[in-house]
Amino acid sequence: MSHPELFCPEFALLLGALLSFACAAIGTKARTAWLVSLAAAIITVGTSALALPYQGHPFATDIYAVDSFSQVLKLGISLALAFAIAISQRQDSTRASARTEVHFFFYLSALGMMMLVSATELLTLYIALELSAYGLYILAALHRRERLGSEAAAKYILFGAAASAISLYGISLIYGAAQTTYIPAIAASGGSPLLIAGVVLTLAGVLYKLAAFPVHSWAPDTYQGAPHEASTFLATASKVAAVGLLLRVLSMAGGNTEHLRTMLIVVAILSMSVGNLSALFQKDFKRLLGFSAVAHAGYLLLGLLSFSKLGAAAAIFYVLTYVPIVVCAFLVVAAVSHNGANPSIASLAGLYKRSPFLGLVLLVAMFGLAGIPPTPGLAGKWFLFSAVIDAGHLWLVLVAAVNATISLYYYLLVVKAAYLDPPGEYPDIKLSPTYSITAFVSVALVVFMGFYPAPIWSMASSAAAVLF
Amino acid sequence: MTLEGALLLGLMLFSLGLYAVLARRNLIGILIGIELMLNAANINFLAFNYFIPTDPAVAQIIVLVVIGLAAAEAAIALAIILKLYRQRNSVDVDAMQLLRSTGAEASNE
Amino acid sequence: MSELPILSILLLCPLVAFLVTLVLPESKATAIKAVNAVAGLVTLVLSVIVWAQYDETAGGYQMVEDIPWVADLGIRYTVAVDGVSVVLTLLNAIVFFTGVLSMWTLEKRVKEFFAFMGLLVFGVFGVFISLDIFVFFFFYEVAVLPMYPLIAIWGSTRKEYSAMKLTLFLMVGSALLFPGLIALFVESGGQTWNLVALSEPGTFSEGFQIFVYPLLYVGFGILAGMWPFHSWSPIGHVAAPTAVSMLHAGVLMKLGAFGILRIAIGVLPLGAAYWAPTFAFMATVGIVYGAFVAMRQTDFKYVIGFSSVSHMGIVLLGLNTLGIDGTNGAVFQMFAHGVMTALFFSAVGFIYDQTHDRDIRHFGGLVGQIPVASSFFIVAALCGMGVPGFASFWAELLVFIEALRVFPLLGIAAIAGLIFTAAYILRVLGQAIFGPKNPDWDHLVEPTAWLTLPRIILIAVLLFFGFAPSVMLDMIGSVTGGK
Amino acid sequence: MSSTSIGLVLLGAPLMAFFVALVVFRKNHLAAMMTVLLSGAATCASAVFLLATKGGTPAEQASRAWIHAGGTSIEFGILLDGKTLIMGTVVSVITLCVQVYSLSYMSHDPGRGRFFAFLALFEWAMLSFVYSPSLMQTFVFWELVGLSSFFLIGFWYRKPSAIAAAKKAFIMTRIGDVGLFIGLILLFQTAHTLDIQTLNTMSVATGNFDSGRIELITLLLFVGIVGKSAQFPLHTWLPDAMEGPTPVSALLHSATMVAAGVFLFARFHPLFMQAELTLTVVLCVATFTAVLSSTMAMVASDMKRVFAYSSISQLGFMLMGLGAGSLFAGYFHLTTHAIFKALLFLCAGAFIHEYGTNDTVAIGRAGARKLRVITLGLIIGGGALAGFPLLAGFFSKELIIHSLHDKPLFLAGAYLASFMTAYYTFRVIFLVVFPNQDSAVQVEEPPADSHDDHHSSSLPLHAPILLLTVGAIAVGWFGDSIASVLGLVAYHPSLPEMAPAIGVALGGILIAWFDFGRKSAPQTGFISKLAPLHTLFKNGWYLDVIYKKLFVGAAQAVAGLLFGTENHVLDKASDMLGQGTLTIGETTGKAQSGRLPLYIGLAALCFSGAIIALGLEMMR
Amino acid sequence: MSLHFAIAAVVSLVGALLAVTQANILHAVFGLAIALVGVAGVFFTLDSPFVAIMEVLIYVGGIAVTMIFAVMLSSVSNPKERESAGRRLLAALVAVAFFVGGALVIAHADFGPGKKLPPSAWGLEQVGRDLLGRFNLAFETLSIVLLLAIVGAIVIVRKESAMPANADEEAS
């Protein structure tokens, strides 16, 4: 390893993993383990932020790239991790027996994701993909209501394993076509039809991570069945990593993007439509967020299918702003949840009265997801759509915008429950200081990004510049 | 023995695996299918390696790693399946209906 | 021109009110109302100052402030006013201030109400003064969404349904705007979102203009109550509480017409010319249609809601004439209709607050029971009929002059619509305000001074511009060139 | 004082009075009434003064730009020429008479303050209309006249019939207004000015218009006149407008509102004179109206209605005169008619007020002739209306008939109408003066209109009647002066020329005497012997019914249709769209059935499809 | 060589067929083991003996055995449940579709010529050098993955000791 400092966010994660493993090994109380993890997570965020400007190759050349692309996404991942761990303070949806250990999986999964966005070689990429996934498979299984957790995890892992097997098959074709596993070299090899076929099959695992059609079906089930903090992590960090991964994989096509683009357009439209339409009737809030995640995967694909710097930057911007917004939503889930049960939308009733601040957090989350200013949702969509129109697909934007309209319906139903329906017998909610601070930070981030998207955009833009 | 022949073998194994994943009700049956799919990919790697070599060590390393990953994956999957079995006394995939969308009339609550 | 960034200050006023409202505890209802009333007053004063400072002879955009926002993408916070913005800014300030006063008796969830209202007004100001398409759209969306909670929480009569319908309709409008607006940026070479730069002739080919114009026109048109996409509007009116109805019809619908004028027509004149006959036809249908449907309504607010469809049809017809007089008239009509409808809803809201009934058949001879409150309604009705002496007369006159020149047949149909307008308005007057009295409502009381004040202001504005239309027309004319 | 400042007083005083009265009337009725009365007096004095000083001198105009439209400014101001001076004076005199009269007449009405306020508003609108130097101002105040008449006709707003009548008046005149409005805009587009004096100097000959254009414009202007001056087919609002208080009828339906249309015609006489076709239309409509409404007047039992029909018919006369090209004849009749018709209405009002009924027969039987001053007024006014020689109406009507001498068809119509006029006027007079308690005629209508049992024969009631009686006798002799103010030369028909008309009038009076006046007269008109005709006339030729069925019905039907469209098509469409989306959503949502094989199957199917597509692509 | 390959291929296919068709899941696992041995044979013929050995050791010796344990522990209750014909048909259709697509791609793909390489490039030595050299990250990560899997499996299967009464066992 030539420049260890380039690897420092990952080291921070390894440290976190080590500490939580130590906590589990010596059997500390869950609360202590949580505090340790939170500290490590905050250190990770700090490290990632410090590491933003780093560039270089800590390992053998072309295996692992540290550049602004990877570092920006790593910052997103570490933020998501920190938020998820902060939310896990109230672990009442996690199995009592696993409360000390969960953070270990968070850290290793985050490590996998960070490696994922840096990997520039197929083997590294694949193993990082699996590492990030396995942690999540385990996390999903740890819901306090074991039947839910096991079912969620079983669906997640079996579907995931199948998808990753298809991916691996695709990778083998890529290898056959390019006879190398280095992504830059593959991209330079000229994009033979076999390579495209390989990339398409590889997309199975990648889209799976992104929760896009046709490999989206796990998302609602798993979001619903996993513990709240795991769902949070799944919904945020996983999306960030998936965007990075997808950009890398698509870059392998090396300019021969015609078929890929056609397929991605279909995938994007179906993701948006299926996600939004299916969300219309959901009663369970987490499940609704799962479908919403599918829809947002569709929006993200709009940027990716443009195969342009603008599109990539828009997708990265979108996913970075998406993190705090979704954190807001899951924070409400975790705070409202009683005895670890999943909150239904009906159980959000009267939130404005039960906890005015939480009501506001929910409002920000829903408006953010719907793309209503002053959240960055609008700017994000705007940039994505700009990229798509720049690529010449005006009608696709129309479809996407109609989808955004449809989505508004169910987001507003949530807002309605929180702001219109009387609290009934639901109790008041007292937020713990951790939750208040987390909520405040995430809302502040959202509103700041909404009013002043420029810094995030320049980050996203510099990240995209690496690829295009 | 040709490249196409080896690839075709891989493809057959893959398709059989896929069939198992889709047709099997037993969760372990699905897992078997997945293992077959992984092995199909492995055959591809080694076939390419053998017939059009540029860097013969890479494919072997990939296959080794994949075998390792498959083991880890199988361990986690089997743990989850066992947990599931303990709760429901069944490893039937069709029995996993707790997490699903209901219509407008019913509620998840 | 002043050194002070007066437009930004104006823009921040409602935002500050919003933040202060958020901070104040729910129990301090009067303080919240006072804060918003003061903010309303300040915006009113500021917009009058803006009016006074605007140099009509120089014309063009003035008081420009320009700060990069997302510099990499060419997005800049560019605000400025031209004559049209000045007029509509004043309108917004008037409606905001009088709206706050009209809601003085509100007791339910005061804090949230004024918070949402402040946000809405903030967005509307932003739209009227921004020159950057992205910033424009940003504020546009800020303005549209608070309608949902405002109607759904404080409304009446199928409020949740109506609020949802309204929001979704407007979002469909936005869905059309998204591709349209972004296409402008991309097609112009991806350098600037600035409206002035985009409006340069020759930026867009005719084919492109013809293709994109309907997206923008219909997208904005939905918000402007364009037939046949108007059905959200009356329903929303009916459900909304007084001040929200005032803002909705008074200001929000103007956003659509303003967008058409400034962006659709301003940037795509060739497309506008190509589509003008079609959209003028639809506007005329809207005028007549709204009047006829209003004739059969039994609910006060439905009548006014459809009258808005009809009156906004006049605005759209004026815009589609693409002529100086037509545009002048359209902008004037936006202003006049804004104030008039605010007065209408204010008057109806006052009656509804006491009776919880809006069926005109249940009333009769109200002018004998509450003469002052009724006369507010009568004045609004007269203005709605386009009676001379009120601002709307001149507005309609100018539109009709131009329409008759450009689209003679449509002009005649639109003018004939005046008959039906008179018919439905007199029907309401004859049924509810005049006629045999209904003893059920003998107990009604007259508005207090605080509640009278906003209505008096609105009437004064209507009369002022009715008697001195040139004040308004000179201001608008500084843009359209029709001084 | 310059004439402009006097003009300002003239126009400003009533407006001030309106606002002051509106503000104070709720507290103090008397103050409101006095304010208005004072302003009326001031206005009247100004008008008379102006007429006296400016009569016969060249026109004077003072105006300021009001708005800019299409590069041209539209003026607001005051124009003093012969037409406006006379008309303005007539209007203000009549208004003052009515105001004074109302002091007594409305003294016990709770809304009298409001009444006076709207009288002032009306006066302001009417005078601004009359003195207007531009067609735009004319139109603005034309509308305002309509508006204030709405409030005056609907003054008793508790009475549904009054409100209905007011609505009808407003809407029917507005139909005419639309025509006028379009005509105005066309005129503006053609001539690029709306200045009346400039417009009147324009002509086809000088190339300002082409002949088709001028026909179209004048025709459209005439549509407005038809509405305002209650000509066929838009005349039906006027009889209904009798629902208003009688002073309102006296004001609106004699000298002012209805006369506004005729005044407009006179105003644009030079333009109309260039439009052959329009003139023919005008003559046809006016003659037909004159005859038509006279037939209705012959059988109406309500005294005010008789006079209302008579107003319609006399307006037709004026338009006949004007349309035949004689500005003086029409204008002279406008003036005389204003006076004697106001007188008749005031008298009718006094009777109605006294006896609490509108029915002529009932009034007569109640002993109306005991009110001597009023009965005298009725007789003089009636005589003037009937064209009894040497009374006011006689001269002007002779001139009109004379102006028609080369148009035999219309002349015949004029004779017929004036015969009937004499007949129905004296029918009323005889019924009042020689009541026959024994006749079989039944009182038709229940007591109406004035419900208080206050009886008044005070000075405010009598003074205007006396004044107008004198006017009705005298004004006919001032034809020369009026002509000179107008800048015209009066024509004096010779006795033989007048003979037929006199004969016709006297014949009408004679038959009336035979039917109603003489002792043991049946007191039923000769028409009643022709039962179908009687019924036809009585029901206003069923025009109201037809309109109601045809136009109101059609409008209602369209409204119903569009209402249905709105609710069941447009609104429903969006609802269905939403519902459809929800249904699709439910389906896709349910497809998320929790079955893992289906999830993976979908994915595998899609990727198989993709790979097949790629394979096929590679084959090519 | 071709013969070896053919035998290995047939063995793996037969094993795979058994694995996917056998109603008894235990038989299916045995089928899998046979298939994996076949695959190892294929690896062997493809000049990768080390991988072939690892395949047999880890897959047959590890994974298949774990599966058998799992089967023993779980599906005894209903080992012979057969899927419905419709389901199998649909699954077969999808699988055949994939096969057809894949076959098309393979048949029409244009594989490069490759390079002639010295035998040293194939050797275990090179594999080991690369594994600890170029690909050390993957190698180290693999160890982390295995650690994760072990800990995860333990945490998942662990019995809940301090669970409250099964009141909340039902679906939320």
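Order of writing sets the labels: A, B, C, D and E. Residues in every chain begin at 1.
What we mean here is this: a contact is a pair of C-beta atoms (placed from the backbone, for glycine too) under 8 Å apart; a residue touches a chain by one contact, two chains touch by 3 or more.
Every value quoted in this text rests on a predicted model; they were computed, and no experiment measured them.
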Chains touching both chain A and chain C: D
Most centrally placed chain, judged by C-alpha centres: C
Taking each chain's C-alpha mean as its centre, the one farthest from chain B: D
Far-end chain from chain E, centres as C-alpha averages: D
Inter-chain centre distance, chain B versus chain E - centres from mean C-alpha coordinates, in Å: 7
Rounded Å distance between chain B and chain C, as computed from the means of their C-alpha atoms: 61
Chain A and chain E: spacing of chain centres that average the CA atoms, whole Å: 29
Chain A and chain D, separation of their C-alpha mean positions in angstrom: 76
Junction residues of chain C, two or more chains touched: 168
Multi-chain contact residues (two or more partners), chain D: 578, 582, 586, 589, 591-592, 594, 596-597, 600-601, 604-605, 607, 610-611, 613-615, 618
Sites on chain A at which at least two other chains make contact: 123, 127, 130, 134, 137-138, 141, 146-148, 153-155, 158, 162, 166, 173, 176, 179, 193-194, 197, 220-221, 278, 281-282, 284, 342, 409
Pairs of chains in contact (touch as defined earlier), listed by label: A-B, A-C, A-D, A-E, B-D, B-E, C-D, D-E
Interface residues, chain E side, partner chain A - complex: 105, 108-112, 114, 133-138, 141-142, 144-145, 148-149, 151-152, 155-156, 158-163, 168-172
Contacting residues of chain B [partner chain A, same complex]: 7, 10, 14, 17-18, 21, 27, 30-31, 33-34, 37-38, 40-42, 44-45, 47-48, 52-55, 58-59, 61-62, 65-66, 69, 72-73, 76-77, 79-81, 83-84, 87-88, 93, 96, 98-104, 107-109
Residue numbers on chain D that touch chain E, as the complex places them: 597, 601, 604-605, 607-616, 618-619
Contact footprint of chain A on chain C as seen in their complex: 68-73, 112, 134, 137-139, 141-142, 145, 148-149, 152-153, 160, 164, 167-168, 171-172, 174-176, 178-179, 182-183, 185-186, 190
Complex contact set, residues of chain D against chain B: 582, 586, 589-597, 600-601, 604
